[in-house]
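Heads up, the next two complexes both have subunit A, just with different partners, subunit B and then subunit C.
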Partner chain A sequence: MGLHIVKRENCPLWKRCCFYLIAVLVALGIGSVILLAIGVNPVAYYTRMFTLGTIGNKIAYKTYINYLKDFVPLALTSLGLSLAFKMRFWNIGGEGQFIMGALAASAAAILLGNTLPSAAVLLLICVAAMAAAGLYGLLVAALKVKFGTNETLLTLMLNYVAVYLLNFLMGTKAGWNFYLNANELRPVPQKHPDSSLFPTIPMGGKFELNICVILVFVIGLLIYVYLKRTKQGYEINVVGDSIGTARYAGMKTNRIVLRTVFFSACLIGLAAAFKMGTVGTLSTSITADVGWTGIIVAWLAQLNTWVIFAVSALISMLHYGSTVAAATFKQVDSSFANMLQGFILFLVLAADFMIRFRIVRTRKEDRNG
Partner chain B sequence: MDKLSVITSFLHAIVVYNVPLLYGTVGEIVVEKSGSLNLGVEGIMAVGAIFGYMMGCFANSLGVGIGVAFLAGVLCGLLFAFLTVSLQANQNITGLTLTTFGLGVYFFVGTSLKAVKWPVMGDYSNIMKGFAELPIPGLSKLPVIGSGLFSHNIMVYLGVAIAVVLWWYLNKTAPGLRLRAIGENPGAADSVGINVNRMKYLHICLGCGIMGIGGYYMALNMGGSFNSNCWINGYGWIAVALVIFANWSPALAILGTFVFGFFNTLKVSGSTLAAAFPGGLGWLADIPSQVFDALPFIITAVVLVVSSVQKKKNSGQPAFLGLNYFREER
Partner chain C sequence: MSERYAIEMRGITKAFGSVVANSNVELNVKQGEILALLGENGSGKTTLMNMLSGIYKPDSGSILVDGREAVINSPEDAKKLGIGMVHQHFKLVDVFSAADNIWMGKERAGLVLKKDRYAQIREISRKFGFEIDPKKKVYNMSVSEKQTLEIIKVLYYGAKTIILDEPTAVLTVQEIQKLFAVLRKMKEEGHSIIIITHKLNEVMEISDRVAILRKGAYITTVETAQTNEQALTEWMVGRPIDLNIDRPVMETTRPLLEVRDLTIRSDEGSVAIDGVNFYIRGGEILGVAGIAGCGQKELCEAIAGLRPIEKGQMIHKGDNIVGLSPKKILEKGISMSFIPEDRLGMGLAPSLSITDNMILKNYADTKGPFVNRKLGRADAEQVIRELEVVTPSTETPVRRLSGGNVQKVLLGREIKAGPNVIVTAYPVRGLDINSSFTIYNILNQQKQAGVGILFVGEDMDVMMALCDKIMVLCHGKVMGVVHAHKTTKEELGLMMTGALDLSNKYEDKPAGIAKDSRFGEAEQGEEA
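And then the complex of A and B:
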C-alpha cells in the first residue's frame, strides 16, 4: 500500500469555500497562539484590528476614508496583475509600474494643475500615469515575445530601477526637479494643487466618499465584461490555457500578449493615478507595497475579478488594522499583518492542493500492471 | 601613503560588507539548480538574521548563531519545498510570500524582543572575539591589497569556502550532476532513477540554510542595532540578480560579489575616494548614490536581455527553472 496524488476534477463550490474558510481560520488561530506567547490577548487584538479601532471612536469617519485610500490602489493593482497572470505572464513588476505611473501623474498634476480646469487635469493625470506604466510593462512583454526573455526576473529588476529613480527624484534638490518644493531648503515633496485631487461625495455625517471608490467598482465591472463577453477576453483565456492551442486556432498570440500586458500595466498606472489624486503628495513610500501585495491578493482570489475586491478588502483591513492596533498594543509591531498574510497564503496554497488533487491509495497490483 | 590606505580600506569594505551577498547568491544558485525559483531570499535572510542574532547572543557564541541562522533558513526552505514540491504551489507566489512573511517575522520578533530587553552585541565577548579579523599569514603582509583582501573575519572565509565547495560539488561530483539534470529536465532525471523530490527537498533546504547564515552575517555587520530599517535592506534581491550575473556558477558568484560590492562601496566611500584623488576620481562625488543603488539591477537586466537575444548555448540557467514537476503529467 502506498499513497499517491491524482488530479481532481471539479471540486464543488461549497467545498472549496469550506477549504478556504478553514485555511483563513487556521491562520488566525496560529496568529492567536503567537499573540498569546508574547502576552497579548488575541480576542482584544483581533477585535481592534478588524474593526480598525472604530468602536467608540468619534472620528471613525476618518478611519474609513483612510482605509479606502489603501483599498482602492490595492484592488486596482491586483485587477491589473490578474490580467497578465491569466495568460501565465508573470508580471511581478507591479511595484515598478506603479512608481512610473505615480511619477507621471505627479508631473502632470504639478506642471498643469494650476493652468487647466480640474476635470481636464484629472483626465490628464490618469492618461499620463497609464501611458507611463503601460510602456514600462510593454517593454518587458516585447522582449519576452521577441527574444523569450524571462519576464519574472526582468520585471523584478525593473522594479528596483524604478524604486531608485523615485528615491533620486525625492532626494535631489535641483532647479529642474519640480517634484520637490522649491521654497524649502531640504528635499520636501511638492504638494499637488487642489485641482488635481479627485472630488468626493458627501454621504451624510462627516463621511465623504471619494469618487475613485465608485470608479474602481465600475472598472471592475468593465473588466468582468471584457473577460467574459468579448473576443479579446476569450483570447486571453485560451492563451492562458495553452499557447499552442491558441496558435493552432490561428490567434496572433504575440499580439495578444503585448496587448494584455500593456493593458495590465495601464491599470496599475491608473491605480497610481488614483492614489496620487487622493493623497496629493509623492513620497518614497507611495506604493505602500501594493505591487507586491497585489500579487498575493490576485493569487488568493484565484484571479477572479469579484473575489479580488473581497480579498483586497480583507488584506487592506489586516494592514490598516494592524497599524491602528499597534498604537494600543505597543509590543506588537504593525508587521504582524505581514506575518498573518503569510500564514493565510501558505494555508490557502495548502487548501488549493486539496482542491486540485486527491490523495489515493495505490494497490500493489495496480503498480505492477 | 595616506592615499594608499584609502584604497586599502576601500578594498576591505568591499569584502566585509558584501560577502553576505555571496551567501545569498550561492544559496539561491543551489536552489535554482534544482529547478526551483525561490524569490524569498530577502525574507529567508531576515529570518536567519533575527533568530541567529538572538540565539547567538543568548548562548554568547558565534557558532550557535551560525547554526541557528542555518536552521532557521532550512525551516523556511522546508516550507517552500513542501508547498512547491509536494503541494505543487506556484513558485513565484510562494517565494514572494516568503519574503513578506520573513520580513514580518523579523520585525515582529525584533519588536517583541526589544519590548523585553534587546541584546547589545558589544556585551557578548565571545561573539566580538569570534567576529574579529583573522589575518592570513603571509598574504596579509602584501602592500596595499594585503590587509584589504586577506585580513577578514571568519564569516568572509566561510562564505568563500562554501562557494568554492559548492562549485566543486555542482560541477565535479555525481550528486551535483544529478541535481543539474533535475533542473534541466526532471522527467528525464526521474526516468533514470533519480529521486527528484528528495533531491529537490535536500537542495532547497541546503540553499536556504546558506542564505540564513548570510542574514546572520548582515546582523553582525550592522552591529546588531535594531531599527526601522531591516538588516537585510534589499541584499536578498541583489542576490537574486547576482545569480543571473554569475550565470548560475558559485565560482563566478565570488567575482560577481566583488563587482556588485564595488558599486555598493562606491556609494558609501565614493566621496572619500574623490577627496583622496581629486584629479582622477573627483567626478565620483557628483554621482548620486541612487545610481550605485540601481546599477546592480540595471546591469542584471541588460545581462538578461542580452543573453536571451543571443540565445546563449552555455547559459547556466536551468531549463526547468520556475516550473513544478508533477510526475503524473510526465
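And then the complex of A and C:
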C-alpha cells in the first residue's frame, strides 16, 4: 500500500486538543447523517440540543437547574471511579455503589427528616450514603486482597444485586417498607421531607444555585490535591504503576487498596446523597446510569481531575439536551444521546491512536533502494 | 564471477519514529557458513534480523535470497524462502507437547492430529543429533530443551538459513558446547547460520566471519581467523576500551549478613531455596550463579522481606531479621534492587518521574500528610549529576529513559540511602559495555566503602572478574562457594547443572558458614 504507521514522539497539547475536537465533530457528523436519514434537520436538532432548548424559553432557569442535577452526580461518580482506576482497580460497580448510597440516604431522610434540624439531616444523609456505598465497595476490595478475586467481575455482579434490591423495595407494598408512601394503595415512593433537601443560593433572577454544585467543585479540588500532593496520593500512583515496586518500597499495599477503594466508593455514595438531596424521591431509575457513564467519562478524561468536569459537562449536555430536543423532534428518541456518546468514545479512542502514532507514506525512491 | 550469497541485505534502513534502528546496513551470508552478528545492546542486531524473518519491513533497501530479490512481508514469506529464526524469548505453547508445537504451524496439517507426527519429529531430531522426546510437554522442559525444540521447529520447516538471537545467554558452558556442536553439524549439512551475540569469546569460537553493527550503523565484516577480541571490541564500541574489570582487595569485616538453613517456597508452592547457608562480609562481593529459575529471585525477595520464610535464620549484624516487614529491613540498611527481564518490574515505578522514584523509599519519613518533592528533586539532581544519567529533566518518566539510565537511577537511589548490604540482581542486564562498566565501578566503590554486596549475575566472565567469592545454586541448593579467582567456567557450569557438588568439600567447615559467625551474639541477645 505504501502507507505505514510510525510512532509519534511528543504530541504538543494544542495538537492533541485539535484531534479530540475533530473526534467530537466527526461523531456529530455521523449523527447528522442519521438525523438526515430520518428526515430531521441536523442543524436545528443540534442547536436545540446544545442550547438545552433555552433559546426563547421563558423558564430557561429551570433547564439550568435540571441540567446541573444531572451534571453533579455524574462528575462526582467519575471522580470517585478515577481514584480507583488510578490504582488500576477496575471498579465497574459504580452503579451498585450509587444505589446503596441512595438507599441509605433515602432511609436517613425519611426516618430522621422530620425529627432533626435540616443541617443535621443533610449531614446524616451524606454520612449514611458514603458509609453504605463505601462498605459495598470495600467488600470487593477485601475479597481481592484476601483471596485474590477479580474485582471487575465482583463489582459488576454486585451491581445487579443492588439493582434488584432497589426494584424489590420499590415494588413491595408492606408495613415495614418505609420507602413507599403508606397512604397510597399502589407502590409509590415516599417523598422526602423538605428538611432533607440541599439549600440553594439565589443568583439573581429566578436561577438558584444548589449548594451541591459548589461542593462538587470543592471536592474536585481536594481530590486533585490528594492525588498530586499527599503521601496517600503518591502511594495510589505507585501501586497503580507497579504493585511489585510498591511492596518492595515497604508500602502496605493491602491497606492502600482497601483505603482507596473505600474512598472511591464513598465518593460515589456522596454523589447518590447529592442526587437524593436534590430530587427528593427514590425511584428505580435513580442512578440515571451514572455508574456506567461515569466509567466512560473517567476514561475520556484520562483520569485527569479537571478534564473530568469538562467531559461530564459535555456528556450531561448530550443526555439532557437530547431529552429536551425529543420533545420538539418526535421522531428522535432521547436515546440518540447514548448513540452519540458511543460515537464520541470510539472516535476519541481513534484520536488517541493518532496522537501516539502517525501514518506516513512510504517514499517511492526508497523502495527501489 | 562474484561470489553467490545465500542471503544478501543491501542498504537496509529502518526507523521507529525518530529512532533510527538500522541505517544503510549491508549484510551477506555465504552458504554453509556461520556468521556472527556482533554489536552492543541497542545496536540494531535484532531489528535487522526481524526484517529478514518478516516481522518488520525495511523502510528502504533490498533483500536478496540466493541471488534473487525477495519481498518478505510476513514470517510466512520468510518460511517459504527457507529463513527461520530462533528468538531470544521462545515462542512456544507451554501446554503442548514438543511435536504439537512444531506441528501447529503446518499449513497442510489438516483438521485431525495424526499419530505419526511423533515419529516424523523423532526422525528429524535424530538426523541432526538432537535429544528430544516429541511427547514431552513444553512446561516440563528445561531452557536448553526449549531452545533445541525451537531449532528443530525451524529445521522441520526446511530452513536453509537459520538465525539465532542470543542463543547462549540462557545456557551453561556445557550446554553451549552442545549447541555449538549442533551448529557445526548443521553447517556441514550446508545450512547458513547467523548467530546474534555480544560475547566475544563465543564469536571467536564458533563463527567463520563476523559482521559488526554499532548504533544502527554497519561497521564492517571480517574473517574471524584474522581478527582478535580487542579489535572486535573497538569496532563494536567505537574506541579502544579496557576490558578488565577491577577487583580491589579489601580488608573484610565480620559477617554483615548471615543466612542459615534457609528454606523458601516459590509462588507455585514448590521449594525454591532449600536449606541454604551463606554469609556476606563488609567489603566483599559475593556472586550468586545459577541457571534461570534456580531460586535467585526468591532468595533476593526473602532477604528484602517480600517473601515469607519457611524455615531458617537470617542474621544481620547479630540481629534476627526473619519476619520483619520490608520497611523495617530497609531501615536496617539492607538494600535490594532486582532488575527483572522487563527491567522496571521491581524497584521503579515506570510511569512516575525520576523525582517520584527517588522518594519511593523515604517519602513517608517527612512529617505531615504531604509529600516533600523538594528533597526528591535534589536527590534526583544529585544522582543525575554524579552518575551521568542522560535525561531531559528530573520530571521525565523513568519509562522514557534508556536501559542504562534506568539502572543508574535505581542504583543511585539505593546507594544514596547509605546501605550496608546491597542485594543486586542483574544490574547490567541489557546494558552496553560503557554503562556496564559504570555500574561495576559503582559497586566497587561501595565495596571499598565497606558495604557487603550480594551480586546475582548471568555472565560468568563478569562474575569471575568482579566478585570475590561465588556461590552456585542449583534447584535451590548450594552447590558450593568458590573463590572467584581460583575457579573456572567449566567448574561453575558443572556446579550450576548439579553435576558437581562442592558444598562438603571441607568437612570441618560446611560451605557458607563463617568461622567468626555472629550467630552467637544473636542468641545471647535473645537470652539477655
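Definition applied: the second predicted complex is superposed on the first by the 345 of 369 C-alpha atoms of A that agree within 3 Å, B and C clash if a C-alpha of one lies under 4 Å from a C-alpha of the other, contacts with A are read in each partner's own complex, and residues count from 1 in each chain.
One rule holds for everything that comes next: a residue touches a chain if its C-beta (ideal position, glycine included) is under 8 Å from a C-beta of that chain, and two chains touch if they have at least 3 such contacts.
Everything numeric in this text was worked out from a predicted model, so none of it was measured.
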item	value
Broader residue contact with subunit A after superposition on the shared chain, subunit B or subunit C	B
Touching partner for A:Arg8 - first (subunit B), second (subunit C), both, neither	second
First, second, both or neither for A:Ala288, with subunit B first and subunit C second	neither
Contacts of A:Arg247 with subunit B and subunit C, given as first, second, both or neither	second
Which of subunit B and subunit C A:Val121 touches, first, second, both or neither	neither
Touching partner for A:Ile296 - first (subunit B), second (subunit C), both, neither	first
Subunit B versus subunit C as contact partner of A:Met87, first or second or both or neither	neither
First, second, both or neither for A:Lys231, with subunit B first and subunit C second	second
Which of subunit B and subunit C A:Val324 touches, first, second, both or neither	neither
Intersection of the subunit A residues that touch subunit B with those that touch subunit C	4, 6-7
Complex interface listing, subunit C residues touching subunit A	10-11, 13, 15-18, 57, 59-62, 304, 306, 325-327, 330, 336, 338, 344-352, 356, 359-361, 363-364, 369-371
Contact set on subunit B toward subunit A in their complex	37, 39, 79, 83, 87-90, 92-94, 96-108, 110-112, 115, 234, 237, 240-241, 244, 288, 290-291, 293-294, 297-298, 300-301, 304-305, 308-309, 311, 317, 321-322, 328
Complex contacts: residues of subunit A adjacent to subunit B	4-7, 34, 38, 90, 92, 143, 147-150, 152-154, 156-158, 160-161, 164-165, 167-168, 171-172, 292-293, 295-296, 299, 330-333, 335-343, 345-346, 349-350, 352-353, 356-357
Subunit C-touching residues of subunit A, taken from the complex the two chains share	4, 6-9, 229-234, 237-238, 241-242, 244-250, 362-363, 366-367, 369
